[in-house]
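Here the structure is laid out as structure tokens; the discussion comes afterwards.
Chain lettering (A, B and C) follows the sequence in which the chains are written, and residue indices restart at 1 in each chain.
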Amino acid sequence: MDDLGRNMHDLCQELFPICRSITGDGFRQSLAILNRELPGLRAVEVPTGTKCFDWEVPKEWNIKGAYITDPKGKRICDFNVCNLHVMGYSVPINKTVSLDELQKHLFSLPSQPNAIPYITSYYKERWGFCITHQERKQLKLGEYAVYINSELKEGALTYGELIIPGESKKEIFISTYFCHPSMANNELSGPVVTAFLAKWLVGMKNRKYTYRIIIIPETIGAITYLSRNYKVMKSNIIAGFNVTCVGDDRAYSYLPSRNGNTLSDQVVKHVLKHLQLDFVTYSFLDRGSDERQYCSPGIDLPVCSVMRTKYGCYPEYHTSLDNLELITPTGLLGGFNVLKKSIECLELDETLCATVLCEPQLGKRGLYPTIGTKRRAPEIKNMMNFLAYCDGNSSNLEIAEKINVPLWELTGVIEKLKKESVLTSV
Amino acid sequence: MDDLGRNMHDLCQELFPICRSITGDGFRQSLAILNRELPGLRAVEVPTGTKCFDWEVPKEWNIKGAYITDPKGKRICDFNVCNLHVMGYSVPINKTVSLDELQKHLFSLPSQPNAIPYITSYYKERWGFCITHQERKQLKLGEYAVYINSELKEGALTYGELIIPGESKKEIFISTYFCHPSMANNELSGPVVTAFLAKWLVGMKNRKYTYRIIIIPETIGAITYLSRNYKVMKSNIIAGFNVTCVGDDRAYSYLPSRNGNTLSDQVVKHVLKHLQLDFVTYSFLDRGSDERQYCSPGIDLPVCSVMRTKYGCYPEYHTSLDNLELITPTGLLGGFNVLKKSIECLELDETLCATVLCEPQLGKRGLYPTIGTKRRAPEIKNMMNFLAYCDGNSSNLEIAEKINVPLWELTGVIEKLKKESVLTSV
Amino acid sequence: MDDLGRNMHDLCQELFPICRSITGDGFRQSLAILNRELPGLRAVEVPTGTKCFDWEVPKEWNIKGAYITDPKGKRICDFNVCNLHVMGYSVPINKTVSLDELQKHLFSLPSQPNAIPYITSYYKERWGFCITHQERKQLKLGEYAVYINSELKEGALTYGELIIPGESKKEIFISTYFCHPSMANNELSGPVVTAFLAKWLVGMKNRKYTYRIIIIPETIGAITYLSRNYKVMKSNIIAGFNVTCVGDDRAYSYLPSRNGNTLSDQVVKHVLKHLQLDFVTYSFLDRGSDERQYCSPGIDLPVCSVMRTKYGCYPEYHTSLDNLELITPTGLLGGFNVLKKSIECLELDETLCATVLCEPQLGKRGLYPTIGTKRRAPEIKNMMNFLAYCDGNSSNLEIAEKINVPLWELTGVIEKLKKESVLTSV
């Protein structure tokens, strides 16, 4: 399992240098790397201008290089050194400007003087450079040559989709986004953990549910995907997770769906509680990722987020400081495990009903002690408590919560009682 | 606004000396003074003996003077000095009695020796005088001449009614009572604040709701009014307030409806919370005014009370100490403002539904920043949160509560989003 | 009332020495003693082998004597000294064994070295002796003669049933178990308190409900009884109590039904709260008696337990230390009183509706003070609060809870208001 964390971190490292955005070759190239791990992953292209509810797919953006030459001829804000130096979706530019003029196009963070901020302008054509505040303060008066070798053109928005079929056409949905350039917790942790979950799911025996896994650009990708698939999604998805910020070591966090008590919410709360993880519960009002779309009125999918440290809640967020040192093998593994356990609980969940009235005679089946004493063993107590709620109206997950036992500790009991025909599926 | 508080206090002062009761000329004269401020206010007379559910309108009571002459010939308990000296609804009397006999007809408060208590006997014919306990203790043995120049006759019960029409026939109901003689917080504050609310409502542009405002004698007035109007009231009233004890400076209080969660309750709690007023929440079990009738089984109107210091909860209550010094311009203004804000929220409240699936593209409408950075401004966050709940099932007030923003701070956002056709009324 | 506690303790004393089990003459003999107090109590015999849901009635067990003779010829573990010395349902035995072999058949409690444990093996044929751990440690190497003069045969399971008819065929159900040998709190307190409740119920005037009282062997008795009666029970029983552990002086306890909020639960919580008894609330997960059957899926009777110190929660439980000193006349009386008060509340409970709109005019009926002053007396406040909730939808018990007054303090008010036709039964 330590290998798993290490392997995920290695994949993050491989993906880190690529300049991704909501469209373009960086996204395609990143997806191709995941495709190596997940042969079934399909890249879908949606042309610029395609209508998606109230939005339309923007032009495709690609960039080959960018830098500023300062009055002394020194190259600064070099895209090749750090792709965050260029504002995302910057239009091409190649001219000389005064420092005053340049300042209008610079972005820095006075409160984090060593960080290059992450800035984008997807829907208004602009150009800009991002710079540490420390470097910006040292800029001298004079002429600056600004150069951005980018291209905005009719093209496509790319996303990845992997459908892993199960016994049921009912689906569990996993969504993650892949549109950020060189940043690690937000966001490389999301696609990488998702890819390893997908590999595990592909190998799962007796998979009950179908899994719909998408790797998209944030916001416009979710809207685009929904506009093409929301009817089937609404009819089939029973639970879903938005996977983001699952790579650092500092915290676990839960952000509920709009409804707040969907199956996804129930399972995540059950898992976090019974794994005895300290975790922060956010409000849906604190949301800021694709649950904005998945939980919007009329869409209302049962999607929540379980994270390590939430976007917006750590100082390095959306800066060059969100780097490969921020995420760790154990951090990634922790994120992976909570999602895996949640999925295992969903697979274990069903609604059972007792086949006999009153308690069954379990002694004659070898499931109950034949000597009556002062105390019952905890396993016996859990079994009897589980049975007491199998009324055909409560799911295994709901019963596990009621009797305060992790669902995964009831697996053996459930199997035995079903085998003995004391319980039957509803 | 300071003027408003001062003007309300001045009107209290003008009304203070009049001897009101549940019937009679004092009530009519007081109503006539309010009529000067509110030309539409209509006085209605209901004849003695009229059946009103389980009750009937009592005889009309009027009084011209009353006093006791003590053994030394000194005049005490003079009605002209303080009308509280005479028990309300005292029958006429003119005879000489011993101190022993007199004591049976005297009322005083040992625990408040300087206060003249307020005592009534509406439904059993009696006579009585109210006196400070200090004065009572000094009465000497001897003969006392008691004189009450009152009259109990077939007449009428009077109440005031003002219907201010709005776009909708749905009504907001305001009830206040006007049957107490010279006392200020309970009760002159009620009719005076109500009169100024009515003036403001008459001048309100685009008034959505119809306003039913009644100024009645307590209990029998509410029962009488209901017996004549409850069917239309039950079908039209969406929210209502019993206005009482809104004049002092010490506290804010909320007394729920029997139901406890009507629209009136929701709006009052929202306003008190978001105006950040410290307030006392009473139980419906603590009720003692006309919500006793409005919330009775089968009537069940959505009526609650928002007050300054509640009746029964301040030492001066129902004594001569509840005087013009107890109420203040700022006290009255505070009571007025909470009710005004509550009404404004009701006028703002409606149920809206998003017209597009997923979040709308607000950037292209100039409502969303086109540069993506680390943080969103609070106004943007409030707008997005508001939108996230516009599912056609939640009222603006409910959403404001969910997103923890005062409804009145969302006015601009709501207008913009409706104008952009991103939201539509359900 | 002190007599009542004493009488109950005396009856426990009489019953204490008898060796009861889930079948056999000890049970019959004990029932015959109760029959003396309750002439209507009927003994029912169900033959060995009768199918009862997933179970069947076991063989009947009787025992005449048992002991071990140690290597020095000393008689130990003598059934005649304490019937707990023999494992319940031990098969007959008469042979000589080594100490090693004997140890496999001995039961003791290292943590309670002075206690003889209570051990049974109803559904697997075995023999065994129970011994204090202190005595066990002193056993020397050598030959031991073990002798159990018992009999396991085709026979019957016996239970007692008493139906006390009321005006309604709706039933209140009381169940207690009688299968333990010489132990006092668990369990003689149960059948004895039940017998005295039954005597009181037989003498009750105007009994509204029918009472179904059963005295059974635990578990198999409940299952047997249900298998023969559950349909009529499900259709008629509105509330029920499992009576056990009602004899000591240390605590009061409440164990809810599976549903948690049946009429039984409501009434017990009301009574314990308003008698101002400190009490422990257990979870249904802590259950261990016949509510296991009464509340099982598909049976779902409204049965909860109100106890003194709960089984399993006191050190003497299921040992020889649970003796006649553990239970006291005041302990038994306390258990009796809580159950009696609960039944009284059930008898008082009904749903009433106001016959007039608005508050009734109670002054003209002599029920309301005719002089209006600063305060209302608490009785008047309770009456008006009770009336305010008589909307035909709330039971008297629910209203008593809402207005925070014990239901039994409202008896007079309810009678007066019904007599005055201000309230009517729904």
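Structural remarks
The criterion applied here is as follows: a residue touches a chain if its C-beta (ideal position, glycine included) is under 8 Å from a C-beta of that chain, and two chains touch if they have at least 3 such contacts.
These figures come from a predicted structure and were not determined experimentally.
The two sequence copies chain A and chain B touch through a face in which the numbers common to both fall below half of the numbers used overall.
A rotation of 120 degrees, rounded to a multiple of 5, brings the CA atoms of chain B into register with those of chain C.
Distance from the chain A centre to the chain B centre is 55 Å, each centre being the mean of its Cα atoms.
Looking at chain C, one finds that none of its residues touch two or more other chains.
The part of chain B that touches chain A in the complex is made up of residues 353-354, 356-361, 363-364, 370-376, 381, 384-385, 388-392, 402-404, 422. Per the touch definition, chain C reaches chain A in the complex via residues 52-55, 88, 107, 109, 117-124, 126, 219, 222-223, 226-227, 230, 258, 284-285, 287-288, 292-293, 295-300, 312, 317-319.
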